[in-house]
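Two complexes follow with subunit A in common, the first pairing it with subunit B and the second with subunit C.
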Partner chain A sequence: MNEPQINLKTTVLDDGLGLISAAGYINNEGGQAVADAASELVGGGCNSLVIDLDGTRIINSIGVSILLEIMEKIMEGDGKLAFCNLTPTIAKTFEIMGLDQYAGIFPDREAAVTSFAIDGTT
Partner chain B sequence: MALPDLLRSADLALGGQSAVGLADDFLHQVVETTGSRAGILKAFDKDAARWPKSLSPQVEQATEGWSDVVFGDGQGGWSLRLLQPERLDEAVLKTIRLVLRAWDLSTELKRSRFDERYHLWELEAIRAIATTIGGLDDPGALAEELVAHLVALLGVKSAHLFLESSEEAVGRFGPKVLEPEAIDRARHEALVTDDVIALPLNAATGSLGVLVVAHKEARAGTEAFAPQDRSLLELFALQVTVALEYARLARESLERDRFRRELEVAATIQRHLLPQCPPDLPGFRIHGLSSPTRHVAGDTYDILVQDGGLVVTVTDVSGKGVGAGLIASGVQAGVRLLVPEDFRLEDLAFRLNGFLCGATDDNRFATFAMIRILADGCLYAVNAGHCPILVRRCDGGVEQITSSGLPLGILDGVIYRTERLNLRCGDTVFLFTDGLTEAENPEEEEFGQARLTDVVASSPCEEGPEAACEAIFGAVEAYTEGLPLHDDATLVAVQWLGTRSVEDGMG
Partner chain C sequence: MEVVLHLPAVPNVELVAAKAVETLGEALGMDRDGIEAVSVALVEACLNAMEHGGSSFIVRLAKESGKPSRMRVEVEDQGRGFDPDACPPDDSTRVHGCVSKRGWGLTLIRELMDDVQISSKPGKTRVCMWKELENAP
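Let's look at the complex of A and B:
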């Protein structure tokens, strides 16, 4: 279970919608890397984000708190945040820690991106 | 800008917005409200906001006219620097203090909510592991599940579960931090430092392994483990101990069931090797039985027809169980292979003894009795360390053919002696094992050879060997008052009816 360091990839999908693919351990280092990627996308004009956690199996409490801060920042900019490809354990963690109250949780990337198109958020 | 504009920041903070996001706007409002040229807001001596944003520390140091206000009554450790403020009266300060206090409260509320949810997360992890315990009997999969929950909850950079091996962990995350020698020590005594906790998995049967976590993460770097971290880890260690014990007991139970089934199969095979019904041979009446048992027995008997006469053997292997049963069956097979038409019994016993002496390495031996009765009533017998062969004459007298040598399998090269005597019409020969003579009553007194001889003497042989055997077993059962026999018990009876009966049967 020795997960590699977090592997990040950012993509601008559409006007105002950014995608972060994060695979690896989301702890203080991994979480900060995700936060930096989010800030870069927001600074580049993306007010809404999809964070794809395919390949991420463990998120610790510091990682969760960083994701909460990303969520706050996105909401303060009147944007939206969505997560997809969560393991059952991470999905349960998000539910308990309240992330699912303000961020969309989707089974896969396509469903997450489609939700923004339907909302017209982007 | 009016004071109510300042208070709007407090309202936003209490509404859930983060102080970080509000700090720039708030400081801007403070600078304008106080008529200052610039401002710096600090939390615990670190910059939270600067206005204008381009205000550098160099410019800050090179400029004179700063007014410093410390708000020491809140949680945030706030302080404010304003450059040449025109209006900094008590009303403005109270308003600023109120806003900062609102931010502190908002932060505290979020932290409390996070802590509350974190405890729910702990409970969920414990529930998830308990559920996993019920569904997994594979220690490897269980270990991976446990380590994943541990890493997530404790926020550690390294977690390992060691079972038998202190070199190779069954569940692992991150780099190993302890050498095998340290892990071996932790099997007996917990190791707790600021950076590492290693707890033994203590079961009733001893230490099952060690759970090691190291380097607890903080927002910046790492921090020392807190007492509640150890408590949580102890709870996990207890859970994994229960899980491992459960898995072990489940495996052992399956193994016992499998072994029991195999024993039943072996016992069935052995029972089928016994004569299923006595041969219908003119001039003879035959009956044999072993005490009913579900386990593999060390007793066996066999009845063969040989040239119009009979060969009967009884074997009793020391000990019980599969080993004894295999040897008993081996002797039975050997006899069947070695009995030629004119084979002498002492030679057969000699060869069987040689075979057994090389076949067992745990000092097992077999007592063995064998008779051959020819059609004319001539009886040959060899007794290798076995109970006496009893010849119950038709007039009620009993003669014994005792052992002429050591049991089979003790000493190679033993010479046995064949006894010979002539049967009279109606005589009955009994072969038995010591399960009968060693049967005990409730006072733990053995039935004994003398009592058995008396019972044989008074048995109703005139009604046939089956009635005689039933009477003997009945006497033993009455003696033991229904207590189960300690050992296997076998009894074979052969009655010779005389040459006339053969001629009558042929006629």
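Let's look at the complex of A and C:
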């Protein structure tokens, strides 16, 4: 569960909706890698993102701080950010640090993507 | 059963400590959620020790018998020390729009663990925390 390197995969799911799959340790380096992937998707026209953390078992507060910065940039562009496949500990960490107040938290990728379709955000 | 790690302050060494929690937690019958909560709390304590504590620090993991039995996790460093009472719990409402998003370590430790005691003076800081072993034999 403690791989130091993070594995990322990015996909454009639909017009304006990007997906980042992140598996590994979200620390300063892992968080920055996610931020770079988010910037690339936003630069490519995605104003909303789903970040799928399936395969991520451990995080630290520095990594979550970087995720908070991604959230702020997405919100500045009137987009939305959603997370899915969180472990209970990661979900609790997001709650403690307030990330869940501004980003959607969903049990799986399908639910996260569907929320954007219902929302009409993308 | 006790694990003692003398760790250098090098990048990602906190994952060595987290791996030890995983191994000991499984041996003690701790459930996956418990192991992950202890791992994240320990990672934060290790990061604090590396940031404020100097070139190395010590991690001790042990089972404490009792009702319920618990895993005890200690992180000890030889840094300049700090006043834990001067670090009140963070407020999640401060996050959005706030320039500094750092400084959540102690809050996460306190929230993720069942009990936390911190003693600190110049040259020796010890963060001691406990998690119940709900599924322990």
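Rule of thumb we're sticking to: the second predicted complex is superposed on the first by the 119 of 122 C-alpha atoms of A that agree within 3 Å, B and C clash if a C-alpha of one lies under 4 Å from a C-alpha of the other, contacts with A are read in each partner's own complex, and residues count from 1 in each chain.
Simple rule for what comes next: contacts are C-beta pairs under 8 Å (C-beta built on N, C-alpha and C of every residue); 3 or more make two chains touch, one makes a residue touch a chain.
Keep in mind it's a predicted model, so treat the numbers as computed, not measured.
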| item | value |
| --- | --- |
| Which superposed partner A:58 touches (first subunit B, second subunit C, both, neither) | both |
| First, second, both or neither for A:73, with subunit B first and subunit C second | first |
| Partner chain(s) touched by A:108 [first = subunit B, second = subunit C, both, neither] | neither |
| Which of subunit B and subunit C A:40 touches, first, second, both or neither | neither |
| Partner chain in contact with A:14 - subunit B first, subunit C second, else both or neither | neither |
| Touching partner for A:27 - first (subunit B), second (subunit C), both, neither | both |
| Subunit A positions touched by subunit B in one structure and by subunit C in the second | 1-2, 25, 27, 57-62, 65, 68-69, 72, 89, 92-93, 96-98 |
| Contacting residues of subunit A [partner subunit C, same complex] | 1-2, 4, 25, 27, 57-62, 64-65, 68-69, 72, 87-90, 92-93, 95-99, 101-102 |
| Of all residues in subunit A, those that touch subunit B in their complex | 1-3, 25, 27-28, 57-62, 65, 68-69, 72-73, 76, 89, 92-93, 96-98 |
| Residue ranges of subunit B in contact with subunit A within the complex | 16-18, 21, 113-114, 117-118, 120-121, 124, 128, 144, 147-149, 151-157, 171-174, 217-220 |
| Contact set on subunit C toward subunit A in their complex | 12, 14-15, 18-19, 22, 33, 36-37, 39-40, 43-44, 47, 90, 92-97, 101-102, 104-105, 107-108, 111-112 |
